[in-house]
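Would you mind keeping the following structure in view while I ask a few things?
The chains carry the letters A, B and C, assigned in the order they are written, with residues numbered from 1 in each.
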Amino acid sequence: MRSETFKAALISALLFLLAIGAWHLATLPKESAALAGADAEYAALMGAGAQQPGGFPPPAEVGRAFVHYLSDPFYDHGPNDKGIAIQLGHSLARVALGFLLAIVAAIPLGFVIGMSPLLTKALDPFIQVLKPISPLAWMPLALYTLKDSNVSGIFVIFICSIWPMLINTAFGVASVRRDWLNVARTLEVSPVRKAFLVILPAAAPTILTGMRISMGIAWLVIVAAEMLVGGTGIGYFVWNEWNNLALPNVIFAITMIGLVGMGLDAIFGRLQKLVTYRE
Amino acid sequence: MALHDPFDPHHSLTHCSCGRHGSQAEHDAALAQDDADALNRRVVQGAVMRALFPQDAERRRFLSAVGASTAWAAISSLVPFGALEAMAQEKGSLEKKELKIGFIPITCASPLIMADPLGFYKKQGLDVSVIKTAGWALIRDKVINKEYDASHMLAPMPIAMSMGVGSAPTPVNVATIQNVNGQAITLHVKHKDKRDPKQWKGFKFAVPFEYSMHNFLLRYYVAEHGLDPDKDIQIRVVPPPEMVANLRAGNLDGYLGPDPFNQRAVYDGVGFIHILSKEIWDGHPCCSFGVQTQFVKENPNTFAALYRAVLQAAAMANDPKNRPIMAEVLSPANYLNQPKTVIEQVLTGKFADGLGGVQTVPDRAGFDPFPWYSMAVWIITQMKRWGYIKGDVKYRDIAEQVYLLTDARKRMAEVGLVAPKDAYQKFKVMGKEFDPAKPEAYVGSFAIRRT
Amino acid sequence: MSQHFLQVESLAKCYPAAGATANLPVFENIHFHIDKGEFVCIIGHSGCGKTTILNVLAGLEEATSGNVFMDGREVKGPSLDRGVVFQSHALMPWMSVLGNVAFAVRSKWPDWPKDKVAAHCTQYLEMVGLGHAIHKKPAELSGGMKQRVGIARAFAIQPKMLLLDEPFGALDALTRGTIQDELLKIVQATHQTVFMITHDVDEAILLADKIVLMSNGPLARIAEIVAVTMPRDRARAEMHHDPQYYRIRNHLVDFLVNRSKTYAGVPRDDDALHPPVVRPGLEDAANPVITPIDHLHRRAA
């Protein structure tokens, strides 16, 4: 078992090195023929991009971007230029707020829907229509009505997080084993006690699965939303570096987005394990 | 912050400057008893030094190398410290001190950005955040939502917004013109042999916004060469920062866009500069400094202070000898986030054209702030010409309502700038004279039009 | 009106029709009664409505018509007066063994302090021989141990009556025997009134005072009530030495194998209010004597 883990790690490391190596070879600077004839003054005014028509940065350059941003993650050079940790903090704060609001709305509503087959049927058409709408499509509407870009960003997170949670909560609640409910009934358990001590723990694994899906979507969406609205956040960082066509920085940001996303997923995986019961 | 002597190489600009206090706040409290003049001077100097040397280590190295007094002299020749300090002492009763100003990361925004590191806003008692914004539609929405108190806008935007074209009618004023000229038509390098617009049939062009000078100038230009901009070419709206990426990807054949994205396309080897916009209309306005009319009415003193700061910044930016330093200050990520050499080429007018040549056009970009009514009238004629507005148009009424020419005169006088005496002037666009007194006839004189 | 502890009167159940034709009732005209301290088993083939009857007694289901009275009051909905042991044990897998029992105990006595609840639960878990496993999760227990927890949970609320829905159906023969013994011991000690469904003829003979035989559904009815006339202090190991045992057993098997299906569609020729009570243990199996139910009681007394 242990040697298996070790082997897997070794293979992962090898694959990583192989990918970096291939990338390095593919981006080795080529002999510049295009500007051979041009005068030195003209060449000085041209960027590196002109010599590298492919334009993709070599790994060493990306590595420098990593070192540069990670060596000082908390700097603050005015409202439009902040360290990577601050940017990620803004994004995470937005996601957390939108996500919490979604929990507050989705879990009780999911409970009600899951308990009542009538409501399930009545609300189903609305959920089915609203669910597939891309969260970003709400953005113009949100900006117009909420009149605040930050609140709109949070709203977009809210609206994209709510569906998986709502649907999973309703499903989890509806499929609580009849036997457990019967036990509660024969014991004359009050509705509140039943909700918290029987239905909630019984549906918790399903609800947590919904939350995990929601968090994944929310983290995908926040980047896009911030690219659209700007201001702060990791999405804004990507957008700002895209303006500058600074691909090493964009690659750095992409990696950070991936790592944070992985971390968030791991947290919810842990939580899921915590509430999952073996029968 | 930064109330210590910014010319002292031994102190960091980001900590308590004298070392005797636990924090800068305590330090400030102790300093409050100091001579107010000295305090003022240091505010100004500190702001300028921070602008010139965003990296603290560089500032110290520079000061250690040349000595504080030499540095002071060198920088004083660039920046009118005396005038700035005088301004700082004049304190009106400001209705609102903390302001948010939006900008799009293009060189057109230079004056309102430069006013921040140079301390022009602080000098007026204002605490301004200049906030980078992703696109013009967002600028419009944020101004309407009052998230921004004032903003960098395209010159036609306040007219369109006030008339309710493309949004709910919201009265917006143009305080100043941000910049003149400074745009260009950039084409993809694969079109190096297609310099005659008649060869552009089927081309896909981008402009930053529908209600932009870029749109109107591009339409004017191709129409003068016999192409109908609505039928022979495609014009789509692309936010300026995304133009180069789209040109590289082949989504666009070219664009009439703001700098530095024309120069950036050259720098990245994906495009060349076909013509500068000054070759279409020399002295055309591009962007403006827009404020909601409601804000002007509710905050007259704040607005006046803001006005003075922006006018001073414009005067500073318009002076060619300040341009290299501006390139330095504007290039970091907080502002334009572009290589310094790209911005320098735009601002100094000595640039690679992408065709192998180096051109020198000192007036490639200008920052004349005066909001001529005649500019507004021309914009409205083009809106009429291309069908953005229909029916009878009161050209002069709209122009005089939206463009604050009288205010501009007054504020310019306050900061020692000379304003033109006229409110209307005739000018030529591609050799064809525009008479602001006869706008309707002007619209009718074009062969290609939507009226 | 009723002198019996539990009185079931003209119970019938009809499920809603799926198609156009109205469904036949699963059962109808069910009358029987249970006295305090009595252990009654009900036997019948699947589909005769045994579980439905139990659920009606528990208050979990409503009959289409008829009434149930317990202790002089009509049964309407579930109540802590009736403990239920479910076929599938129905333990909450996220609670410990103790937690499952404590959940029930706290429902009955919400004001009890924590340690009193724990002591009470532990007492009942020790009674079923699970004193060592109170902190385990149900998933860590064998099937038999789980069912013991279910029994402890039902006993712990000290109900007036216990309803067991085929509690040992899923267990292997060895485990089943052990738990049957335990249940027998507890019931004898507590004089608990019990109604239990079973498919196991031996189990019924071991535990019951009366065995209600159901004919096949639909339109199931109580065919007979078999009185188990063997002495009350039975033990599984010696039971088969009693000659009564085989007579009762043969009677039950004969009913299940041959006679249970003959009732379908045949109009009732006896009194539904007083189904025939047979005592195969006392009589020659070929010639059973049918005694009205009241006589039986007099005799037992």
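Convention: contacts are C-beta pairs under 8 Å (C-beta built on N, C-alpha and C of every residue); 3 or more make two chains touch, one makes a residue touch a chain.
Not measured: the values here are computed from a predicted model.
**Student:** Centre-to-centre on C-alpha atoms, which chain is most distant from chain B?
**Tutor:** C
**Student:** Which chain pair shows the largest tally of C-beta contacts?
**Tutor:** A-B
**Student:** Nearest chain to the global Cα centroid?
**Tutor:** Smallest centre-to-centre distance to the global C-alpha mean: chain A.
**Student:** Compute the distance, rounded to whole Å, between the mean C-alpha positions of chain A and chain B.
**Tutor:** Computed from C-alpha means, the inter-chain centre distance equals 35 Å.
**Student:** Express in whole angstrom the distance between the two chain centres, defined as the mean CA positions of chain A and chain C.
**Tutor:** Whole-Å distance between the two chain centres: 56.
**Student:** On a C-alpha centroid basis, what's the spacing between chain B and chain C, in Å?
**Tutor:** Measuring from centre to centre gives 89 Å for this pair.
**Student:** Note which residues of chain A are touching chain B in the complex, please.
**Tutor:** My answer: residues 34, 37-39, 41-42, 44-47, 49-51, 53, 55, 77-81, 143-144, 147-149, 227-231, 239-246.
**Student:** Touching residues of chain C toward chain A in the complex: what are they?
**Tutor:** Counting only chain C, the residues touching chain A are 58-60, 77-80, 82-84, 86, 88, 90, 92-95, 103-104, 107-108, 137-139, 157.
**Student:** Applying the document's contact rule, which stretches of chain B touch chain A when the two form their complex?
**Tutor:** So the residues of chain B in touch with chain A come to 54, 105, 116, 129-134, 138, 141-142, 144-147, 241-242, 244-245, 248, 264, 266-270, 332-335, 337-339, 341-342, 345, 351-352, 356-358.
**Student:** Report the residues of chain A in contact with chain C in the complex, numbered from low to high.
**Tutor:** 177, 179-180, 182-183, 185-189, 193, 197-198, 201-202, 204, 275, 277-279
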